[in-house]
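Next up: some structures, all given as structure tokens.
Shared chain: subunit A. Partners: subunit B in the first complex, subunit C in the second.
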Partner chain A sequence: MKLELGYIYIKDIQFAEKSKVENGTLYVNKEEIKALVMEDQNFKSVEVELAKPGDSTRIMPVKDVIEPRVKVEGPGGIFPGMVSKVQTVGSGKTHVLKGAAVITTGKIVGFQEGIIDMTGTGAEYTPFSKLNNLVLVCQPVEGLKQHEHEKALRFAGYKIAIHLGELARTLVPDESEVFETPTVKEGFKLYPELPRVAYVLMLQSQGLMHDTYVYGVDAKQSLTTMLYPTEIMDGAIVSGNCVSACDKNTTYHHINNPVIHDLFSEHGKTLNFVGVIITNENVYLADKERSSDWSAKLAEFLGLDGVIISQEGFGNPDTDLIMNCKKIEAKGIKTVIITDEYAGRDGSSQSLADADVSANAVVTGGNANEVINLPALEKVIGYTSVADIIAGGFSGSLHEDGSITAELQVITGATNEMGFNKLSAR
Partner chain B sequence: MVKEIERAGIPVVHMCTVVPISLTVGANRIVPTIAIPHPLGNPALTMEEEKDIRRNLVARALRALETEVTEQTVFEK
Partner chain C sequence: MKESLRSITEQKAFAFCSFFSLNLIFLLNLSIIVICYKNLLKKSKRKGFDMIITNNDWVYEKYKNCSNHNMFFIEGSYKDVLIKTRDKIHEGYELLTHPLSSSLKPNETPFKSIIISENKDKLNMDSLIIIENSIMSWEKFNNEKLKLNFTKQIIEDFKLIDLTVLESALNKK
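Coming up: the complex of A and B.
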């Protein structure tokens, strides 16, 4: 399967009469966006705001971040099974508004959404401070249940991202990149000497709005299965998560998965990137056992030599992570796991809830309990009042002057377990 | 908590869903429960059925508490 991504670089975002992309600027008609969001009767009102790199702006509580893309050649459309009809994506050509994003906000659960700061200390911890963001602040109608609010907001985000992506349909990309995955048979012939490596992508699926969707299927109701890596670039996997902000994978993380991009860059050189095994993180022990059994079985079936495993979230998913690692290693296949840590504010506590000797190659996204101070910023998009109850915040987190003292876990994407971030201790 | 209470000389039964974590942290008597968000119940069942589940699990836990163990033991029945 072969996909070409055409990047149109976005360096600025502005409101204008007509929505368009011109000379690296994304122009957006605000009223048009509002009207599209308000098509959903679950919303009482919507505000549309801009947040650019360096702005003295705080966005909270953030639900999802989505990159605008459009399919210009090949079958299917972006976010298949969710917005576009169900059809296998991942081949042909897709245009990307690189440098732009749609951010959805709302008080759904309150304590399980995150913060994005566009400047200052907080901005260093989140990749989304570098983007030109269109922020949707949607007010639900009275009495809308939390799960209905989550779903409405999730779809509002996709709809607007697809709408903006359409602006790139006829543009000539500034740069293009091609990603190709051979069939298993071809891969053996092409690279007989190279180690066969796959990626085990763990998806948050604990239920109660800790959910991820694959081609529209709720991941907690799915068995472990396989995807071509390029399917994910076309939005086959989307986030429906209201969970601790620092290590949840937003939809932006999924379509830009850095493990996939890095494996592709080594494909045919140092390794043969065979494909992606997706597995879930359910709340029943039998599900955890079954799903990790299947990860190991598929890894063996594909004749792999090595596997990279990335986790999403923390706590009981640490057990899914260790089960995947242990069972795949038991098949004689080497593993590297990517996780993050909840090692206490002084960093001296046990980092993961579970452990095993076979987890001997570990990459960490950082300690989510680290306490940080976020300065007061001039503008707040959304609602500051949730700072005291957000996961990682505590009573007194929000100070009178608008500054915040909280654990790193409040920042969207701060300890991402796909290794999305650039910040390191070195 | 399980380990600290046992250190004080009081035997403990850990009722939990993710048995592997309980084994990793070193609980000695473990009773597996239903699911992480509802360890002692099941919202898919009626109140009466849930009460049965709870009674059986507590009875099993009490039995585990009375049982001498020489190694980490999971009480499946």
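Coming up: the complex of A and C.
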């Protein structure tokens, strides 16, 4: 399967009479966006804001971040099974507004999470501070249940991202990149000497505000299965996970999965990137056994030599991570796991809630318990008052001057377990 | 003579058939009794039967009258639920859901619901390792008390998340 991504680089975002992309600027008609969001009767009102790199702006609480894309050639559309009809994506050509994003915010439940600072200390920890963001602040109608609210907000984000992506349909990309995955048979013939490597992508799937969807299917209802890597670039996987800001995989992370990009960059050189095995993180222990059995079985079936495993979340998923690692290693296949750590504020406690000797090659996204100070910023998009009751926040987190002292886990994407981080120890 | 002989033969055949039929009925009844007894023995191990240990009154109220679940309500903390679960695992019960379910950290949410088997067997080491690691995680997080002041709405939201995460497991069974 072969996909060409055409990047249209966005260096600025502005409100304008007409929505368009011109000379690297994304112009957005605010009223048009509002009207599109308000088509959903679950919303009472919506505010549309801009947040650019370097702005003295804080966005909180963040629910999802989505990159605008449009399918210009090949079958299907972006976010198949969710917004576009169900059809296998991942081939043909897709245009990307690279450097732009749609961010959704909202108070679905009383406790909240997720800060994106566009400048200062906090900005260093999140990749989204480098983007030109269109932020939706949606108010639900009275009495809307949390389930419906979460779903409405999620779909508002997809709808606006697709709307903006359409602006790129007829543009000539600034740069293009081609990604191709051969069939198993072709791969064996093409690269007989190279190690066969796959990516085991673990998806959050525990319930309300902890879900992920694959072609519209709730991941907790699915057995472990396989995707071509390019399917994910066209939005085959979307996030419904609104808990644990620092290590949740937003929809932006999924379609820009750095493990997939890095494996592609080595494909045909140092390794043969065979494909992506997707598996879930259910709370029922029998599901964990079944799903990890299937991960190991598929890895063996594909004749793999090595596997990279990434997880999403803390605690319960640690057990899935170790089960996947242990069972795949038991098949004689080497593994590297990617995680983050909850090692206490001094970093001296055990990092994961599970462990095994076979997990002897680990890449960490950082310690989510580390305490940071975020300066007061001039503008807050969303709700400042949630700082005290945000994951990683505590009583007194929000100071009178608007600055915040909290654990790193308050920041969206700070310790991402796909390795999509801005900072490293190197 | 022929008539009487035929009559005797018919009577014998009737008697034989009756005897055979009665035996068949007896055997059938016996089989039914054996099957029922076996089912009775299996009943407690049937899919869907379990025990829920919880300190979340929403979970208790929703499932207390449900015949598939035995409820163990704890008027206590998240940690009390973990400790009671560990005690049950020591007795031989098997852990069915992960004690650290949900990405809400053990020092954020006050509520926890865990499902264990209805019946006990010999000590399940996998269950024991998971619950001990979970208690260690709870202690690690609670070394740094958050001292959060939750409103009634936030308390209810925590209960809802705990309930829905639990139900994601109940719906899978």
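Criterion: the second predicted complex is superposed on the first by the 423 of 426 C-alpha atoms of A that agree within 3 Å, B and C clash if a C-alpha of one lies under 4 Å from a C-alpha of the other, contacts with A are read in each partner's own complex, and residues count from 1 in each chain.
Please note the rule applied: contacts are C-beta pairs under 8 Å (C-beta built on N, C-alpha and C of every residue); 3 or more make two chains touch, one makes a residue touch a chain.
Quick caveat, the model's predicted, so the values are computed rather than measured.
Applying the stated clash criterion after superposition on subunit A shows that subunit B and subunit C collide. In the superposition on chain A, contact of A:262 is made with neither subunit B nor subunit C. Applying the stated contact rule after C-alpha superposition, one finds that A:354 touches each of subunit B and subunit C. Looking at the shared chain after the overlay, A:313 reaches subunit C, while subunit B stays out of its contact range. Within the superposed three-chain model, A:208 lies in touch with subunit B and with subunit C [touch as defined at top].
In the superposed model, A:344 makes contact with subunit C only, not with subunit B.
Which of subunit B and subunit C touches more residues of subunit A: that partner is C. When the two complexes are laid over each other on chain A, subunit A has residues 206-208, 283-285, 288, 316, 318-319, 353-355 in contact with both subunit B and subunit C.
Those residues of subunit B lying in contact with subunit A across their complex are 17-21, 24, 32, 34-37. Listing the residues of subunit A that touch subunit C in their complex gives 109-111, 146-147, 204-210, 220, 241, 243-244, 248, 282-288, 313-316, 318-319, 342, 344-345, 349-350, 353-355, 369, 388-389, 391, 393-395. Contacts from subunit A toward subunit B in the complex involve residues 206-208, 283-285, 288, 316, 318-319, 322-323, 353-356. Considering their complex, residues 95-98, 100-106, 108, 115, 130, 133-134, 136-137, 140-141, 143-144, 146-151, 153-154, 156-158, 160-161, 164-169, 172-173 of subunit C touch subunit A.
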